[in-house]
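First chain A sits with chain B, and in the next complex the same chain sits with chain C.
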Partner chain A sequence: MVISPVHYIVAPLLAAFAIPLLSKVYKDAARVVPGIVLFYNMIISFVLMKEVSEKGFISEVIAGWQAPWGINLVLTPFTAFLATMVSVLGFAIWLYGFRFKRTLKGGVVKYYEILQMMMIAGSIGVIITGDIFNMFVFIEIVGITAYSLTAFYRERNGAEAGFKYLFIGSLASSFLLLAILIIYTQTGTLNMAQIAERMADVPLSMKFISLIFFLVALGIEAEMFPLNGWAPDAYSQAPSPTSATFAAVVSVAGVYALVRVVFTLFDVAGVHNYLIVMGFVTMLVAEIAAISQKDLKRMLAYSSVGQVGLVLIAFGIGSELAVFGAIFLMLNHAVIKSLLFMTGSYFIYNTDDKRLVAMNGIHKKLPYVSALFSIAAFAIVGFPPFSGFWSKFYILTSAADKEMIYLIVGILLVTIIELVYYLRTVGRIYFAKEEVEAAEHKPSKNALVAMTLLTAFIIVIGIYPDLITDYLHNAAMSLLDKANYIQEVLK
Partner chain B sequence: MKKLIIFITVAVLTYTLAVTFKDIPFGENRIGDLNNPGTVSAYYLQKAPEDLHVSNTITAVVVNFRGFDTLGEVTVLFLAATGLASILYRKEDEEEDERITLKSSSLVRTGAKILFPLMLVLGLYVFIHGHLTPGGGFQGGAIIATGFLLMLITYKRFNTNHNVMVWLESIAGLAFVGIGLFGLFRYGSFLQNTGWTGNLNDLVSGGLIPLIYIFIGIKVGTELTNVLDILLKIKPRKN
Partner chain C sequence: MNEFQEIFIKYKDLITLAVYGSAIMLIVIGLYAALVKKHLVKIVIGLSIMEAGVNLLFVAVGYIQNGTAPIFSPGNENSAAKMVDPVPQALVLTAIVIGFAVTALALSLVIRLYKHHHTANIDQIKSLKW
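Coming up: the complex of A and B.
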């Protein structure tokens, strides 16, 4: 059997349709089967990543129709890397949440696991597809699952967050559809490579209108300011494994879609400056909001939005080094933020209180989890020797190459804000005078394995960034080389 | 003030959209030469009758050319039903809710009894003939679900067999993916159609296309029925 990119989608779909039947025979099927599928996805993503780094490009056609006519899946070093990252983190999150809601009986767990698995599969679909309408379909899949998971706990706040997300997400979908419609009427095709090829002939007004619709729609998915009002609520109300998935998987898919549209589809130069400005505003507003949060998960959510802002800045700078830094930061953000959500939710689980005050002196109850949380907090701010340092370092270097002094000063200032609230939280965990009563909920073994692996990754990459930098440089090159993308797809 | 801002925003948006869409020549023939296709639409119009032997080009596009999108859309529907069920689940200790229905008049009750089988037959007809006549799996499935809706709101004691529904839904979904995998292993491309496509306008023609549309019809019908069943059982909660 030859492994091809379509397996990424087919395996989860088969499992999702089969789980309702399987769980009639085997009670725990809903918990086990997604794990097998996500593990399989992880394996094939490593195989495919190796193949891509040898061949440079994989394009698979669906239903036997060649590239511009049918739908195709494209793996470049860039998309193969993101797909691998999403699959690995998806599996780690499954491992972490394997025993999630073990006390709940009935079909609910089944629904939860199906939705969680399809959210990850949909995000991979967004990343690997080479067709703009197919991307819309996968964004729909991610959206539908994300709305339902946000409202999964049947309570007032969850319902409100879910409804808000549903409302804004549907708006994004309609705008995206409008943008695709305009592009289709002008170019007569939906294949991204062919659209890119024909974009030069599109009238300027059409180009701008569709670009604006794309930016608004995908800006909502990528949590760009001022379109990210849904994010803090959704992150903080969703079940914890889902919050980690939002940060590690869904936001990566959103940023990827935005970047693919801006870098490959359109040839409008000013949009890069727009990304820098909006990225900076996103980052500034989010970090200022984060510092005033009293609730742990909301604080982490705002910090996520801030990181996405920095990723957008780096993509906006647009040089090879900056794009390399941006991809590195996407990786770091995904790993570190999911680790923060995983460890943080154990604090919440133990104290039954989402507020930061409840974390006072909790390291006595949960020494190991507290240590991992602190490592993650230092890593995301960018302390050496953790991996977060390198991505920020490369982004600042690339900004310095372009002599963007104010941008560097701005990023450093915002980093100080970030530093303040993360240190404050770590300080609470270790040095707070008054201590709160915490119930005893020791982390389960599988959760410990998942968290330890992610921490090990942060430290290993922090010390030996050379392990992945070569591959990331390749990925950055492949994103910037638009002519090659068009040529390889339409070959 | 707030209303004014909203009004201005909507006005600007409407104006921009109107100006843009004015320039798009809707309804004009811009397909171009069918034998030397420059747009996907020309290619589809040429290939659907010639290669696939499907007289309803839209079906060819939906099920074959862009079958992967359709698989995605079926999944969206499936996930919407799953999400709805996950939000509206009953806890173990809560008793089964009854449907909220008003007592319907004997006119409606008799009419529903006569219409229900006819609607099922119409739905079946629409998705079995998806490759020949307008309509197809999604439309046929919706018609079937409407038939069930009629019965569900008319008769309080009418119940769908939940087990059968789960089986039908899962098997239809698995069959769709399975047909796709058959293409992948047999011909090397996911969802690829068979070489044998029969004669244009025959009931059995178009290779795997009618088969896929039948499974889509079953899946859409059962899923929409499930959604309606769940929604009709919600009582306003007091808290």
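Coming up: the complex of A and C.
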């Protein structure tokens, strides 16, 4: 069988419709089938990534309509890397949540697994599509599944967070449609490569209006300040594997969409500086908000927003090294933050309390999980033996190359804030006196496997970053080489 | 040529202006309702109105004076110049379906919120804050 990028989208869609039927025959279908689909996605993404690194480019035409007319799926080293990352983490999160939701009664788990799978599939769709309207459709798939998953628990206050997210999300989708409309009237096409080709002839005023609409709409998805008010609520109210997915998958797709629009579609000068400024403000505000949180998941959510800010700064610097660092940081953020959510939710599960105070001395009860949480906390701040160090190091180096001294000072100051609240949490886990006795829930085996794999990745990449740097350099080059993208798609 | 078409041609610019103007007005009204109103259902209505405005704008963009449906049929093989642009119409269909899904989900969340808080006024629902 020939493997093609279409399978990324077709397999989850088919499974999503088949699961309700299959679960009439086999009761556990809803839990097992998404795992099979996500595993299959993982396999094809590795095969395709290898193919891309040999051929350099895959442009898959759908239904026989050539590129400018039909929808096409584009795999460059950059998108293939992100798609692989999202698929692998999607599978890891499924593995983690496999037994977690067994406690839910009735058929509820069925909807959870279907939505979770569709959210991951939609994110991959955002990443690999080459058509701007198709990207809108996938963003909406991600959005609708994410709103429903945020409101998943009836007893929690999920509906409020879900409604907030939905409100901001549907404003974003209207703005995105307007931006697409302006682009379509000016260039007469929806294909991203062709838009990029014709963008030079578009009047500057139209360019600016559509760019502003794009930045607002995609800034909401990418959690850019001040459009990220939904993020902490959604992260903290959603089921734990979903919080991990928001951090590892959805925000990656949002940042990708923003970066693709800014780097490939538009050639407006100054937008890079805008990304640096907004990225820095996002990071600063989020980290300051994180330090004052009393709730573990909210703290992690704000930290997540802060990381996205740093990614935007790095993309804004725009040199090859900076983009390389940004992609590296996206990888680190996805792996480490999902590990933090996975381990952190076991603390919450064991204390029935989301507050940080409840984490006091929990390492006695959960020694292994606590160790993994601490490793992830050190890694995300950027301590040397872990992978988080390298991405921050490369971003700071690239800022130094461009002589942005204030930016470096700013990033380091924010890192200190980050250091304070992560060390405080780790200190609480290990050195504070235990307060409450609560029911004990040992982590299940599959969750342990998922968490251990992610931790192993953090340590291995931290010691041997050369394993992936070559590929990441290719990815950065492919994002910056706009002419090649246009040429390969419209060939 | 019947009477309607004559009127249509005579006031072509005015009608174009009216269509674009009402689309933009709908967007502004929807945005106003969504951002200012306090009642959850009114907010959802505002979002729907805004979407309707965007959709109308899409259709208006693809419109051609005296255009025909974009179908090549016998006798109409060379009429491509007179056809309305089919792409915005296809986009609008997709956008309407997505808008429908979002509105349905929003209303179900409103019901859930109402059951949980016994009110639909957003000023009284604020257990989640920054």
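We adopt the following convention: the second predicted complex is superposed on the first by the 486 of 491 C-alpha atoms of A that agree within 3 Å, B and C clash if a C-alpha of one lies under 4 Å from a C-alpha of the other, contacts with A are read in each partner's own complex, and residues count from 1 in each chain.
The rule is short, and it goes like this: a contact is a pair of C-beta atoms (placed from the backbone, for glycine too) under 8 Å apart; a residue touches a chain by one contact, two chains touch by 3 or more.
Please read all numbers here as calculations on a predicted model, not as lab measurements.
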| item | value |
| --- | --- |
| Partner chain in contact with A:A289 - chain B first, chain C second, else both or neither | second |
| Contacts of A:Y96 with chain B and chain C, given as first, second, both or neither | neither |
| Which of chain B and chain C A:Y147 touches, first, second, both or neither | both |
| Comparing the two partners chain B and chain C, which touches a greater set of residues in chain A | B |
| First (chain B), second (chain C), both or neither touched by A:G64 | first |
| Partner chain in contact with A:Q237 - chain B first, chain C second, else both or neither | second |
| Partner chain(s) touched by A:G229 [first = chain B, second = chain C, both, neither] | second |
| First (chain B), second (chain C), both or neither touched by A:F138 | first |
| Chain B versus chain C as contact partner of A:E160, first or second or both or neither | second |
| First (chain B), second (chain C), both or neither touched by A:L177 | second |
| Residues of chain A that lie at the interface with chain B and also at the interface with chain C | 133, 137, 140, 144, 147-148, 151, 154, 162, 178, 185, 190 |
| Interfacial residue positions of chain B with respect to chain A in the complex | 16-17, 19-20, 23-24, 30, 38-41, 43-44, 47, 64-69, 71-73, 75-76, 78-80, 82-87, 89-92, 166-167, 169-171, 173-174, 177, 180-181, 183-185, 187-193 |
| Partner chain C, residues of chain A touching it in the complex | 133, 137, 140, 143-144, 147-148, 151, 154, 157, 159-164, 166-167, 169-171, 173-174, 177-178, 180-181, 184-185, 190, 229, 232-233, 237, 289 |
| Residue ranges of chain A in contact with chain B within the complex | 1, 4, 6, 10, 13-14, 16-18, 20-21, 24, 60-65, 68-71, 105-108, 111-112, 114-115, 118, 125, 133-134, 137-138, 140-141, 144-145, 147-149, 151-152, 154, 162, 178, 182, 185-186, 188-190, 203, 205-206, 209 |
| Touching residues on chain C, where the partner in the complex is chain A | 27, 30-31, 34, 40, 43, 47, 50-51, 54, 57-58, 61, 87-88, 91, 94-95, 98, 101-102, 105-106, 109-110, 112-113, 116, 125, 127-128, 130 |
